[in-house]
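Residue numbering begins at 1 within each chain, and the chains themselves are lettered A, B, C, D and E in the order written.
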Amino acid sequence: MQLQKVDKNARMIKMKVNTKKLKQTKKRSKKAGLPPGTLVHVGERKEESVRITVIDYDEQSFQEKEASSIEECFQFKTTPTVTWINIDGIHRIDIIEKLGKHFELHPLILEDILNTGQRPKFEDFDKYIFIVLKMLSYDDEKQTVQAEQVSLVLGSNFVISFQESIGDVFEEVRDRLRNAKGRIRKMASDYLAYALIDAVVDNYFVILERLGESIETMEEELVAEPTEKTLQQIHLLKRTMIFLRKSVWPLRELISGLQKSESSLIKESTDVYLRDVYDHTIQIIDTIESFRDMVSGMLDIYLSSISNRMNAVMKVLTIIATIFIPLTFIAGIYGMNFKYMPELEWWWAYPVIWLIIVVIVVCMLIYFRRKKWL
Amino acid sequence: MQLQKVDKNARMIKMKVNTKKLKQTKKRSKKAGLPPGTLVHVGERKEESVRITVIDYDEQSFQEKEASSIEECFQFKTTPTVTWINIDGIHRIDIIEKLGKHFELHPLILEDILNTGQRPKFEDFDKYIFIVLKMLSYDDEKQTVQAEQVSLVLGSNFVISFQESIGDVFEEVRDRLRNAKGRIRKMASDYLAYALIDAVVDNYFVILERLGESIETMEEELVAEPTEKTLQQIHLLKRTMIFLRKSVWPLRELISGLQKSESSLIKESTDVYLRDVYDHTIQIIDTIESFRDMVSGMLDIYLSSISNRMNAVMKVLTIIATIFIPLTFIAGIYGMNFKYMPELEWWWAYPVIWLIIVVIVVCMLIYFRRKKWL
Amino acid sequence: MQLQKVDKNARMIKMKVNTKKLKQTKKRSKKAGLPPGTLVHVGERKEESVRITVIDYDEQSFQEKEASSIEECFQFKTTPTVTWINIDGIHRIDIIEKLGKHFELHPLILEDILNTGQRPKFEDFDKYIFIVLKMLSYDDEKQTVQAEQVSLVLGSNFVISFQESIGDVFEEVRDRLRNAKGRIRKMASDYLAYALIDAVVDNYFVILERLGESIETMEEELVAEPTEKTLQQIHLLKRTMIFLRKSVWPLRELISGLQKSESSLIKESTDVYLRDVYDHTIQIIDTIESFRDMVSGMLDIYLSSISNRMNAVMKVLTIIATIFIPLTFIAGIYGMNFKYMPELEWWWAYPVIWLIIVVIVVCMLIYFRRKKWL
Amino acid sequence: MQLQKVDKNARMIKMKVNTKKLKQTKKRSKKAGLPPGTLVHVGERKEESVRITVIDYDEQSFQEKEASSIEECFQFKTTPTVTWINIDGIHRIDIIEKLGKHFELHPLILEDILNTGQRPKFEDFDKYIFIVLKMLSYDDEKQTVQAEQVSLVLGSNFVISFQESIGDVFEEVRDRLRNAKGRIRKMASDYLAYALIDAVVDNYFVILERLGESIETMEEELVAEPTEKTLQQIHLLKRTMIFLRKSVWPLRELISGLQKSESSLIKESTDVYLRDVYDHTIQIIDTIESFRDMVSGMLDIYLSSISNRMNAVMKVLTIIATIFIPLTFIAGIYGMNFKYMPELEWWWAYPVIWLIIVVIVVCMLIYFRRKKWL
Amino acid sequence: MQLQKVDKNARMIKMKVNTKKLKQTKKRSKKAGLPPGTLVHVGERKEESVRITVIDYDEQSFQEKEASSIEECFQFKTTPTVTWINIDGIHRIDIIEKLGKHFELHPLILEDILNTGQRPKFEDFDKYIFIVLKMLSYDDEKQTVQAEQVSLVLGSNFVISFQESIGDVFEEVRDRLRNAKGRIRKMASDYLAYALIDAVVDNYFVILERLGESIETMEEELVAEPTEKTLQQIHLLKRTMIFLRKSVWPLRELISGLQKSESSLIKESTDVYLRDVYDHTIQIIDTIESFRDMVSGMLDIYLSSISNRMNAVMKVLTIIATIFIPLTFIAGIYGMNFKYMPELEWWWAYPVIWLIIVVIVVCMLIYFRRKKWL
C-alpha cells in the first residue's frame, strides 16, 4: 500500500454550502486513477494537530485519557472492557495507517475515512462494522449548515471514531459514561455506537430548529418588505435543504440496514434503540420535506408579491399620465394660432376651460375608483 | 432512569400550523444528547391539571370513574374485565413514570408519549402494542387545523390512552360503552383500541368537510374578487394540506401494519374492522390529494386572473394615451408661430380641425373595437 | 345493529364535480363516532321509490320480474339457477337490512353499500365477494361527468347489484340474457358479475369519447379566440380528469385483485375475460393520462397566447405614442414665443417642417418594420 | 359468436396524432355493452381489399405466394415447415373469423386484432402466443407520426401477422427469407416472430432520427426567429413525444415478458436475441426521454426569448418617449404667453435653448448607455 | 454473417452534446431491418488507423507490445497469464470480426461493440462477461462533455477493451501494471476489469469538478451581469446534466449487476472493490442531482433577475414621464391664446409658474421615494 500526503495550509471553510461541495469533488479528482486503497486525505484540513482520546470502561471501571501516540491505543484491542478511541483530525495519514494495520481494517475502509466526500453508509465486515455519518453544525453568522464527516468502526469490544476536527456533539455521551448515567456503562460496544449515532441524529433537531427560525424570520420579512436579498436568501435556504436532504436520506437506509443486519456485533437488545433512532430519522426527513414545501411556497409568494408591487407602481404612474394627456390636448387646442377661433375672444372662456379640466379630472378619478383601479 | 421536569407557563397555541411545528422542533432540541428513555415533556403544556378516567367493563358489568391518583388504576391490570384508562394531560412526568413502571412499559415508549412531535406509528412489544395517532381539530376562527397527539397502549385486557388535553372525539365511544350499543361490550380490548382509532379517523372526515367548505368559499371569492388576501389564504390552505398529509399518510402504514401484525393481541375477528378503517384512510388520502390539486388549480386561476385584470387596466389606459397623443400633435402644429402658415388665416380652419380630430378619434375607436382591444 | 334513517328531500345533483365530492364528505361526517356497521345512507337521495328487479336463468330457462317487496327475492338464495337481483335506490335502509340479514352479508358491507363515497374496491368474504364500482355518466348540458356507485355482491349462484338510482348501463347485458346471446346463459354467476363490470368499464370509453370531443372543440376555440371562459373550461376539464382518474385507478387494482384472488367463486374460465377487462382499464388509464397531458398543454397555450395577444396590443399602442411624441416636440419648438427665431420668418419654413415630420414618420416606420416590431 | 360489420367509406387519416386517438376511442364506444368476443372492426378502414400473403420455408425449401382466399392458408397449420401468413387489412371480419376458427384462436384474441386501439402487449395461450405491436411511420408532409397496429400470433410452426393496411417494415425480413441471409431459415417460428418484432423496433430508430432532425431544425429556428408557429410546432412535437412514449413503454414490458415467459414456444436460443431487442427498446425509451427534456427546454427558451424580445422593444420605445417628454416640456415653457418673460426678448435665447436640448439628450443617452439600458 | 463497411471521411465531432446524439441515431437507422449480428460501424469514425496494444502479465512477468495485426493477439487466449488486449478504433470491421471468431464472441456482442449508441450495461455469457461503458471527456473550449464508448470483454484469463479512438483514462492502470504498484499484478483478470471500470468512474469526478467550476463561474456571472448568453449557457449546462445522467444511471445497475452476478469469472475477493466503485457511482449520481437542482435554481434566479432589471428600467422611465407630463400640461395652459387670461399680464406670473413647477417636482420625488419607487 502506497502512502501519499497532501500538504497544504488549512483554509477557511468557504461560505456557501455548494462551494464546499465543489471543493470536495475538486480534491477528489486528485485520486482519479490511483490504485484502490491508496490513502489520500480528501477534504479541508481543519486542524493542524491530531488529538487522540481513549475512554475505556465497563460497569465497574472507567478510565479516560488523551493518548500522545496512536500506539498507546493498541493494547485496548484485546481487553474485555469496552474502549472508545476518538481521533480528531484525519490528515495524519501515518496515524490512520498504523491504526488500520493493528486493528486489521480493510484498506478501502481507511480510504473512505480519509475521503470526506462520503455518503452516509454502513458496511459489514464480519469482524467489524464501518459506519459513515455527517455531523452537522450551524454557522449562525453565515446562516449556513456545515458538515463534518464522522466515521465509526464498531468492533466486538471497541468503537473507533474519526472526526475531521476537534469539537463535536458527543460531550453528553462522555458525561453519561463518566457519571454512569443511564444504562450505557452496562451495555456493550454496539450500544456505545448507537449512542454516538443518536447524538448525531439528535443534533439534527437543533439544526432544524435554527432553520425553522430562519424560515419564520424570512416569512415575516416577505410580508413586510421583500427585496432582492430576500430572494437570494430563499435560494440559499433551498440549497441548504437540498444539502440536508442529501445528508439525511442515506441515514435512513443506514439505520434500517443496521437494524436488519444479521451481524453478531449488534445485540438484540439494541434493536429497540435503533428503531427509536430510525423513527427520529423519519421525523427529521418529514420536517425537511415540510420545510422544502414551505420554502417553495415562499418563493411563489415572493415572486407574486414583487410582481404585484411592480404592477401597483405601474398602474399609479400610468393613471397619472392618462389623466394629464387629455388635459394637455385641451390646452394644446387653445394654444393654436388660428385667426378665427371665437372661443379665444370670449372673456369667460378661460375660467370655463378650467372648469372643464376640473370636471374631466373628477370624472376620471371617479371612474377609476369605481373600476377599482385606484 | 432520570427525570426532568420542564416547567413553563401554558402558552396559547400559535396561529399558524407551521409555527406550531417549528415550536415543537424547538423544544425537541432540548433533548439532544440526553440518554434514550429520559422523560422530558416536549410540546405545549395544554392543561394545568391532569385528569385520569377509568372505564371498566365486560358484557354484563360497566363501571366508570374519575381517578384522583394514578395508583387507583393499578388494580385493573390483572382483572379479567376490559379496562380503558384515559389520561388527559401528559405534562406530569411522575404520573406517566409510575404508570409505566406498573404496567411494565419500555422507557422509550414513555419517552414517545411525552414527546408530542411523534409521527403516527405503531410498535409491537410482545406484551402490548403501542400506537401513536394525531387527533385533529379545526379552529373555525383562525381557519386552521390543530393536532393533538393521542398515544394508545393496548394490552391483553386494557387500553391506556394519553391525550395532551381535556376534550376529545371519544364521547361517542363512551356512550356506546355506557349503553352497550353495538358489539363493543362483547369484544376484547383490541376492539376498544379499534373503536378509538376509528373515532379519530372518522373525525378526519369532519375536518375535510370544513376544509371543503373553505375551498368552496374561496373559489367563489376567486371568481368574484381576488385580492392579495386571497393569495395568502390559498397559501394557508396549501400548508394545511401539507400538514394533513403528513398526519394521514403514516396512518395508512400504521393501520396496514396492525392488520398484518401477527400479535396475539389482535384477534382475527377485528381484522375486518381494521380493513374498514384502512379503506377510510385511503378515502381520506384520496380526498386530500384532490383538495391539493384543487388548491394548486386555485393558485393558477388566481395568478392568471390577477394578471388578466392588470392587463385590462393597462390596456384601457394605454388606449386613452394613444388616442390623445396624435391629437395633441395636431394641436401643437397649429400652435406653431411661423409667419407663413396659410391655414391659420382661413376662417373655416378651426372647425375643420375639430372635424379632423373627431374623425381621427372615431376611426381609432372603430379600429380598436375591431381588433377587440376594447 | 341500530338503524337510522336520514330523511331529506331529494336535491338536484350539483353542477360541479367537486361540489358533489364536497357534499359527500359533508354527509359522511354525520357518521363520525357511530359504531361500525351502523346503516346510514350517505349520498344524494336520487330516487323516491326503490325498484327491485330479479332475473333468474340457466342455460334453458329465463325469468324476469319486478319484485314488489324484498322478501320475494329470498327464495332465489338456494335455487341452482343463477339469479341477478338488482336494486335501484339505496335510501330505504330497511330493505337493505332485510336483504343483508337473509343473505348473511357482513354489516360493514351493508354500510359500504349505503355510503356512496366509497372507492372502487373488492373484498373477499369466503361465501361471497363484494365489489364497489363507479358508473359514470356524462351530463351534456353541464359538460361534467357524474358518478353513481354500483355495489355488487357475488355469491355462488347469485349476483346482487345496488344502484343509487334507476337508469344504468346494463341494458345490453339484460338483452344478452333475454336472447341468450353469447355465452352468458351457459356460464355461472361469476361471468354475470364480469359482464356487469365489463359494461361499466365499456361505458368509460363512451365518456372518454365525449371528453375527447370537448377537448377537440376547446382546442379549436383556443386557436380561434381564447377568452377567460376558455380558461375556466380548461380548469373544469382538468378537474374532470382528476375525478376520472380517482375513479379508474382503483379499478385497476380491483380487477387485478379479482384475477389473483383464490376465491372458489371465480372460475378459471373467467380469468381470460378478467384479463380482457384489465387491458381495457389500462387503456382507459392511458387515455386519461394523455388527456391530462393535453389539457396541461392547452393551459400553457392559453397562457402564452393571452400574453402574446396582450403584448401585440401594447406594442402597437406604444409604437403610435413613440412616433407622435418626437413630432409633438418639433411642433412645440416652433410654438415657442422667442422674439429672435429666424426660422419663424422664412416663408418656406412651414412646408419644410411638414416635410421633416413626414420624413421622420417614414424613417421610423421603416426602422420598426426592419426590426420586425410591426 | 355474433358478427357485425361496420361499413363506412375509407376516410383519410387525420392530421394530428391526437385527433386520430380521439377517433379511435370514438369508434371504440360502439362496442360498449356488446358481449366479449364480438367482432367489430374498430379503427380507420385503411384499405378496400385484403391481401393475404403466405411464406413457407425451412432450411432447404422456400415458397412465397399471394393467397386469393383465406382457405388456401389452412393447409399450413400442420406442415412441419415454418409458415408466415401475413394479412394486410383487417376490416373483412369474415376472413378473420374463418382464420380464427381454423387456427383455434380465442374469440377475445380476434376481438383484439380488430380493435386497433390496443396497447402493445403479449398474451400466452398455451398453444400460441399473441403479440400486439405498434408499427410507426413518419408523415414528412404533416410532420407527424402515425401508428398502425400489427398483431402477431406465434404458433409452434407458424406466425400469423395482421396489419391494418398494405405497406410495412418487413421487406428486409422477406429478403432475408428469400435469400437465406443470416440464420433465419435455420431457425423456428419463434425466431421469425423475433425478426418481425426486431424490424418494428428497428424502424423506431428511423422515426427518432426524423424527430431528431425536426428538433434540430426547430432549435435553429428558435435562435434565429421564434414565431407563434414555432410554439405550435413545439407543442406538436411534445404531443408526438407523448404518443411515442405511450407506444414504446408497454413494448418494454412486452419484450421482458416474452423473455421471462416459460412458454415452450420460445426456444432458449432466441433469448439472447430478445435481450438484444430489449436493449434497443431501453435505448429508444432513453432517447425519447432525452427528446422530451429537450422539447421542454425549447419551450422554456421560446417563452423567455419571446419575453426578452418584447422587453427589448418596449425598452427602446419607452426610452424614446422618455427623452422627448422633458424636451417637449421645455418647448412648452417658452410657448407660454406671459407678458413678462425676460428670456423671450434675449436674442441668444433660442440658440441656447437648442443647446440645452442637445445637452439634455446627450446626457440622457450617456446615462442610459451606462446603465446598460441601451 | 454479412459484412458491410461504411466508408466516409472522418468528420469533426459536432459541438453540441445533443447534436452528437442525433447524429448517432441517424446512423443507427442504416441498420434498420438488417439481420441481427450484422456488423456495421455506427458512430463517428474518430481515427483513421487502428492501434492494437497487448499487455500480458502475471505476478512475476510483464510484457507490453503494440501488435501490427490482430492475429498476433490470438496466442494469448490460452496462456495462463492475464492478457489485456486494447483496441483503439472500431471502424475496421474485419479486425473486430476476426477477433470475435477467435475468441468465440457472440455476433450480437460484436454488433454492440460497433454500435456506439449503446447504453452502459453488462451481459453474462458463461465464458465471458461483456461490459459497455461511457468514457467521458471535457472539451474545455466548447465547455461540453463528450462520450466515447468503451467495451470490455472479460474472459477467464484475458480482458479485451475496445475504444473509439486513441487516448484514454487508463494510463494510470498501465503504470500500475508496469511498476507492479498495488495488488494489480497479483490478481486475476476480473481485477483488471475492475481497475478499468474504476478508472472510468474516477474520471467522472474530474468531469464533475470541471462542471462544478463552470457552475460557480456562471453563478458569479448571474449575480454580476446576466445576459441572454448566460441563459444559453444555463441551458447547455442543463443538457450536459441530462447527458451525464443518462450515462451514469445505467452504470449503477451495471455495477450492482456485476456484484450480484453469480458468474465464476468474478472472484469473491473482487466484491469489496466493486462495492467501492458502486459507492462512487452513487456519490456521482448524488452530485449530478445536486448540480441539476443548482442549475434549475440558476434558471429561476436568471429569469427573476432579468425581470427585476427590466422592471427597474421601466419604472425609472415611467417615473420620468410621469413627472414631466403634468408639467407640460401647466406649460400648455399658459400657452393658450385666450384674450382674457389675467395671469398672463401679471409680471410675477412667470417666476411663480417656475416655482410651482419646482414644488410639484419636489413633491413628486418625495412621494415616490417614500413609496420606495425610486
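Things worth noting here:
We adopt the following convention: contacts are C-beta pairs under 8 Å (C-beta built on N, C-alpha and C of every residue); 3 or more make two chains touch, one makes a residue touch a chain.
For clarity, every value in this text was computed on a predicted model and none was experimentally measured.
Graph distance from chain C to chain E, where chains that touch are one step apart, equals 2. Taken over every residue number at the interface, the positions common to chain A and chain E amount to under half, indicating a different-residue contact.
Chain B maps onto chain C through a rotation of 70°, based on Cα atoms and reported in steps of 5. The geometric centre of chain B is 44 Å away from that of chain E, both derived from CA atoms.
Note on chain placement: the centre of chain A and the centre of chain B lie 27 Å apart, centres being C-alpha means. Multi-chain contact residues, meaning those touching two or more other chains, occur in chain E at positions 314, 318, 321, 325, 328, 332, 335-337, 341. Judged by the touch criterion defined above, the protein chains form a single closed ring in which each chain touches exactly two others.
In the complex of the two chains, the chain C residues touching chain D come out as 169, 171-173, 176, 181-184, 195, 198-199, 202-203, 205-206, 208-209, 212-213, 215-216, 272-273, 275-276, 279, 282-283, 286-287, 290, 293-294, 297, 300-301, 304-305, 308, 311, 314-315, 318-319, 321-322, 325-326, 328-329, 332-333, 335-341, 371-373. Chain contact summary for the complex, chain C toward chain B: residues 1-2, 18-19, 21-22, 25-26, 28-29, 31-38, 106, 108, 111-112, 117-119, 121, 123, 228, 231, 235, 238-239, 242-243, 246, 299, 303, 306, 310, 313-314, 317-318, 320-321, 324-325, 327-328, 331-332, 334-337, 341, 343-350, 353.
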